[in-house]
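Could you have a look at this structure, given as structure tokens, before my questions?
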């Protein structure tokens, strides 16, 4: 593989053995690792989702699927916004980039607000972190995902701000691409969580 | 092991393709929600939901994250992590649920 | 540019002698180890079929390991002595590998391991089999930091003891083990604290009587099983083998094997309720036992306490036949050592860290009376 | 990670001026040089090694005689727990990291790692984790549930549920003390995990992407291969324990029910999660030593490594199989015969690639010309001692006999043969081998040999005898034992052995310290070695190589020093053959990353967020916010700080 890079190129810091960017390689490595983070959380949920600690009324029956479907849809569409933003900045279309990156950040924020609202409703119905293994694993899993979304939104807003002050141009599209990878990953984790937690007819398989 | 063919920023899809993918994702999600509401028996609903989820997952990873177009190294790194996660957690879940679970006499 | 020192051959030779001396000492100890068959808690000294099956596998693997050990260390030593740099300019042959050799030392170890795997798997399944009807059924309770034993067979119900498990020889004993909260009453075997029933807030212990069987962890929320059996009458000490807190080291017990007839007699004795103390100091102690908090945790069959009947008062060990036992407080103190018993009653945590028995602030007179009473519980 | 190159070095977010110091304290705190970071990792590791060693000595004094009361049970439990945690997380992992940091970039011909500031960040976060962990000395005690910290002893119950002993009769105080200690464990290890994960990603990218031209994967030294395998193991193992610790933290601090059987949780889940991480961790600890041994033995045998490809694949196979054996730590838990059989078989199978490595090392020595320097003695000693640990490992895989061995001193003996006999001996070989490269001076060989033989003696006395007490029925983690079980004399000898080890470690420290000034000047290539780190000066300049070498073979340096004669034999090329021609003026032509304050600053916020959980209400929120602002602020500033100032 190293043969593709020339000897003189290796003198430059950015030329690499694989011909790939360090940052992007690191991002994919991190995402490989993140699979194990979320895998552990989802596994704990799958092990405990029928375990109600003697309070069967606090169960997945509380989930408001229409509501969550809407916020899931918003998060899914934010991924579309992200690719459109990337494609805009790669074309050098700064205005398009700003529109789409801001839209993505807003959609992410809508999802987060939905999650906070959902948590509030649940807590009011008596579903607390310490109610049962089911609730513990639900909150810790979705909360951990929520933290990831928050970090993503912060990065997106930063990108938008940098672009507004003219400090982010098509030269830096690789930064946008890497943050985009992170954003899409957070989205695919939710695709899995949405099915595993909300959609699977637990009352049929739960027995 | 030559990666001369792994060129970065290979042909990425253009915006119209992204929008098509976005629409497909939305439709799949709608089908999923419909299945969940339409009281489909579990033995059909669960496999259907899993298949749709996997398809959505692949669409995002392959197109939005460009794994289909990018260097094989990215794919290897991600699939490696994903594979290890699937294997060990599947084993853990089955051990937790079936091996030495409450052996109440 | 070679600047590293390369000679000092004399130093090497004396170093080698030291190495040999070290190995000789180790080998001597190994011999001593094999000869020490009278060790009371040694896994190499099995006294029943379960431990023997485990020990036979150990012997097989141990000797294979010794063989491999001698081979590998021999090769290393040979290489070190034979291929030492003795000067000269010639460059050793640059051998990059040898496929045949490498295949050989991949395949041969794999075959040896298959040879070990076969009896291993057989024994795993043999030991996992539950014994038949003839087995004695005993429930084992693990609490911080003592063991309780409850006899479950129909004609033996109500026999409960602590820190010593009496068994008949020549008969399998089927143990059903539960880890329970140290501070809550034991709900009884059938109200079995499975995961999620709110009462099993104990910690993990591990039941280990090396001469009778290997370990079985006792996990809160699960009922674990183990079969043990003793060939000969005798005392087989055991110990908790999973870290369980401050007094993990002081969570011991004994298995005492009797001839069957003797065992039946023991059961009959234990089934008797306690008798009221006649008079004097012991009667005073009995009074104290019931008026102080003792009775709230320790059942004595034949008495009722405010907290409930003897069958319900199950936080601490059942003391109905306290004086008939060898040890108390997790098998670490001698029942017949009066001074120790008094020290224990005066301040349990001073003699056993983390003990759940509270310090009741008893006076010396009260302790004397309680001691006298406890010794009447035979 | 995604540094946006700023146009102006005076961006508005720039609170601190770019550090300039090249010597002195600040040059170390702000450095981004992988070599300086490697040295700091090593020194920090030595500090923790001494701390954990002293803890071990205290434990051994307590166990020297039966019924001893030198340590109270509470102190004993804290010490044995911290001995394990420190040795695994603050000695084993960073010791590997120190070698990876210093040696790996040199061996692949890189100027630095891929992310120099992330590297500094890893180190400072690791230090922050250590400080946080040991802050328990001032905060009511250190973790005391064992390094494995099994629930529910670690969560809802605690070792002193009524607080009679620790809380002085107050269950409330007892619970509070317990919670604090468990928070130290869970958060301390999570912080350490962040450091480890960051450096794992860094090493993977460095090895994949920054190799010198011509350095294909199959030309990389075995040490670099083992670095890669370890980095992948860390990459996948750290998240598992990270989530388990995260859940433990919620159980302990916020009343969640992951592992609480009273509320429906299952304590066995913790065991699975812990060992899912814990077993790969064993290979994380030992594979760096395998890599080091694979560098030392060829050099001092004057032969290439025997079966390079097999060595690489055996290492990769060990890494892979390491994921399928975790439940062999849980044979006595009661998983049932089917699960136990499955894990017994995978465990036995892992002995095969391990055996391949051992035989290949012997094959490397076979027919060579062995120079028994101290480094070589340690490497060969490590092979010999690791073999014993490997064999006792096979005895563990035999499940029925494992029921007797598990949780006894036999296991303690086993893993010390693996980790002390393998890792420590191997790493000390590495210290003697690379010390001249790092400092420019050789270590004293006479002291070194004494160091080796005393360590060999003390080590075998200590851990060899533990096999016997274990088989004779002595459980682990007991703070005292009664006389009459036949353990007394052996325990006394074991304690004597432990002090011999301590004396030997003292010799090592003396040797390292005194050789720094008085050691013989080493030169570039004192051992007549084979790999390219020996082509540059000792110590290397901050840019490593004046000219990055073009690689055309494994053992590149050896091939540069030798030519093939007409008879087909290798003959030595006269001195100077290895010389490189300087084309560039390194001081102006090679761009190296500048130092930075932010990595160290970002680390400062993390323990503050951890300590926040010791408080509650407003205090907790304020502390959390302060820690968060420091860390996130430093990360932002770092992201907008260019890798190197313009015009440098």
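A, B, C and D label the chains in the order they appear, each numbered from 1.
Heads up, the rule we're going with is that a residue touches a chain if its C-beta (ideal position, glycine included) is under 8 Å from a C-beta of that chain, and two chains touch if they have at least 3 such contacts.
Computed from a predicted model, the values in this text were never measured in an experiment.
Asker: Can you figure out the chain closest to the middle, judged by Cα centres?
Answerer: Per-chain C-alpha centroids ranked by distance to the global centroid put D first.
Asker: Looking only at C-beta pairs that count as contacts, which pair of chains has more of them, B-D or C-D?
Answerer: Looking at B-D and C-D side by side, C-D shows more C-beta contacts.
Asker: Need the CA-centroid distance for the pair chain B / chain D, whole Å please.
Answerer: Centres of chain B and chain D (C-alpha means) sit 35 Å apart.
Asker: Quick one: chain A and chain D, Cα centre-to-centre, how many Å?
Answerer: Those two chain centres are 32 Å apart.
Asker: Averaging only over C-alpha atoms, locate the centres of chain A and chain C and give their separation in whole Å.
Answerer: The separation of the two C-alpha centroids amounts to 49 Å.
Asker: Quick check: what residues of chain D touch more than one other chain, meaning two or more?
Answerer: 204, 208, 216-217, 235-236, 240, 263-266, 268-269, 273, 333-334, 336
Asker: Out of chain A, which residues touch more than one other chain, so two or more?
Answerer: 1, 3, 18, 20, 25, 29, 32-34, 36, 39-40, 47, 51, 53-54
Asker: Among the residues of chain C, which ones contact at least 2 other chains?
Answerer: Within chain C, the residues that touch at least two other chains are 195-196, 198, 221-222, 224-225.
Asker: Would you mind writing out the residues of chain B in touch with chain A in their complex?
Answerer: Checking each residue of chain B against chain A gives 1-4, 6-8, 12, 14-15, 18-19, 21-22, 25-26, 29, 32-33, 35-37, 40-42, 45-46, 49-50, 52-53, 56-57, 60-61, 63-65, 71, 73-74, 77-82, 84-86, 88-89, 92-93, 96-97.
Asker: Spell out the residues on chain D that touch chain A in their complex, using ranges where they run on.
Answerer: 1-7, 111, 114-115, 197, 200-202, 204-205, 208-217, 235-236, 238-240, 242-244, 246-247, 250-251, 254-258, 263-266, 269, 273, 548, 550-551, 584, 589, 591, 636, 643
Asker: Of all residues in chain C, which touch chain D in the complex?
Answerer: Those residues of chain C that touch chain D are 1-6, 8, 11-12, 15, 18-19, 22, 26, 29, 33, 36, 39-44, 51, 53-55, 57-58, 61-62, 65, 68-69, 72-73, 75-76, 79-80, 83-86, 89, 91-98, 101-102, 105-106, 109-110, 113, 116-117, 120-121, 123-125, 127-128, 144, 181-183, 193, 195-196, 198-204, 206, 208, 210, 213-217, 219-222, 224-225, 237, 239-250, 252, 332, 348-349, 353-356, 358-359.
Asker: Chain B touches which residues of chain D in the complex?
Answerer: Within the complex, chain D touches chain B at residues 204, 208, 216-218, 232, 235-236, 240, 266, 268-269, 272-273, 276, 323-324, 327, 333-336, 338-339.
Asker: Hey, which residues of chain A end up touching chain B in the complex?
Answerer: For chain A paired with chain B, touching residues are 1, 3-4, 18-21, 24-25, 28-29, 31-36, 38-40, 42-43, 46-47, 65-66, 69, 72-73, 76-77, 79-80, 82-84, 87, 90, 180-181, 184-185, 187-188, 191-192, 194-195, 198-201, 204-205.
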